[in-house]
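Okay, structure first, notes after.
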């Protein structure tokens, strides 16, 4: 049943994002609790829980896509954190973002890099 | 000198794309030979030749970004081929494209998947 | 369970798109059957099955978004058909697409309108 | 004459946006008064004044498109207000934004929802 | 009055695009005659008729934007023709498109260049 | 050699952006010094240093593209400054941004204009 997807998704979300992902979704609870639930069920309960691609590669794909799209900085930061949490090195993340200069242009890569800089600094301050 | 970047880029392009990448760039030779040259020098001579991220992860990032952007099907096909050439399995490519439903919507994922279907069929026919 | 979402989604997909939506998804069965299943479960089983917004308004929203994004013509055509199937008039669809000139520019509106022209002609020929 | 379009547009803008739309345009008066004028004449004097689609459906289309495009938060907020002013319920707006997860991805829907949350709170505080 | 904008726009459209622009718009006459009219009135009657920027610079701006957006190839071709008609050289157009590799990525620049190649060949064949 | 491209790029960057461009790139030095170097080498050392299109036209193309893409406000501001530095008038920049209403929609043009307003004010305050 749906609860199974939700439970699986919540566990996966915590594995990837720790508390940060949950906090992002909590902001939806009062206005759109169903979007909060779907965000746990579909991306995390269905997709990130699939076999066939390791979590590190999944986070590389997501950091690449969000850097290229360039219109979702908060989510990009969540997934830069997520990438670090599942085993990517800072150097690998920097390489992924840098590579986006080729596919989405230099401004997208620059803005992605400034997002990474913020995330790295926040983690260093803890 | 620049020739060094060009030679390194051409070698990397062949490693990743075999003949397909070269053919794509040949179409530029009569109209914009410098764009053909830059496409070898910067993406392949500079970026894909960098240490810090393995080629398989680089191709995962590129397939993700081009699926999400959704406006560059010919280049997406070149890089689905490239991903297979550097060691990604078909299953891994399918997972990357499928995951883009979360970040760029279902139409982007569907259209990326149809591009993969074309590439897989072309390879099977050879 | 998941089967319930799938059954509800399939029924909703048929209500909106008739055979056209199913055909589009059938093309995925051999390469990515899970994406086919998700496309029925999440958009149609979860979202279009929700109360709170009538189907006609849902299709207006989708035609608007796909016209504005401009990179998913096959899906736009499916939903122009869907909009007609759930009670939108041709005039209403034309108005939605025309309005996108304001938000996404004239090329997006022109290309959306040519998609509508194709759909209307195909329906007239039947 | 042009004055007629301007007068019709200004009236329509006030009907939809109340004072908020006017204020947004006032910020243009010193730098680009003609863009301020065009913004009243074409979108509001020409498009929103057309018959063939009710204002509520027009605002649903605009909220959908701006959520999906994801790069125009100030304008999205103006039109979430506009949608409420012409008769959409909060629930309907939430449904439109939520649905964009399907067509433009979850980050676009999440960011649209946070814009709606801001607008609803501002209205509650008045 | 509106007729004045239309007449001015039609004259400007012919100056820029010759017969090609008119033909593009004729395809709209049966399905959305008002969009055909707006496309003449606002872009050509209002914007391209403005003083303050020469037509050659206006076409450079449009070729740049349509190459970068990457989702409007038919309109890009119309404006590559337009740029040539108002005095841009082929070399200048190639430079504008090539430069977009920096701002929108290499795929956008490559696809823009292939559009230019098509336009140049069509003109050579006449 | 590469140093030649870097030196040529740095000189061109200073010619176009004065100190502002350098400062933007300095923010990258600690996190991704190679992206800082590439940003000088490829856009400025390779592209802006090319003959075939004057710098004023190059900046018009860039302001147009960044306004249309709408997801890179910091870079748009750098290039509005750059356009002024290489000889564009404020009126010409306003015309370029205004024209983007046609190709990328009114929100993109409005947000571009507010960026220009910020830049003009900052320059007036000096």
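All chains are identified by letter, namely A, B, C, D, E and F, in their written order; residue positions are counted from 1 within each chain.
In the analysis below, a contact is a pair of C-beta atoms (placed from the backbone, for glycine too) under 8 Å apart; a residue touches a chain by one contact, two chains touch by 3 or more.
What you are looking at is a predicted structure, and each value in this text was computed from that prediction instead of being measured.
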{"item": "Rotational angle, Cα trace of chain C fitted to chain F, multiple of 5°", "value": "180"}
{"item": "Most widely separated chain from chain E, with each centre as the mean of CA atoms", "value": "A"}
{"item": "Distance between chain centroids, defined by C-alpha means - chain C, chain D (Å)", "value": "23"}
{"item": "Inter-centroid spacing, chain D versus chain A (mean Cα positions, whole Å)", "value": "30"}
{"item": "Sequence positions of chain F contacting 2 or more other chains", "value": "34, 38, 42-43, 50, 66, 68-69, 71-72, 75, 94, 98, 100-108"}
{"item": "Parts of chain F lying in touch with chain C, wherever the complex brings them together", "value": "68, 100-108"}
{"item": "Contact set on chain E toward chain C in their complex", "value": "24, 27-28, 30-32, 34-35, 38-39, 42-43, 66, 69, 71-72, 74-75"}
{"item": "Residues of chain C that touch chain E when the two form their complex", "value": "69-71, 94, 97-98, 101, 105-111, 113-114, 116-117, 120"}
{"item": "Chain D residues within the chain C interface of the complex", "value": "42-43, 47-48, 50, 52-53, 57-58, 60-69, 72, 75, 91-92, 94-96, 98-104"}
{"item": "Contact footprint of chain F on chain B as seen in their complex", "value": "1-2, 5, 34, 38, 42, 46, 50"}
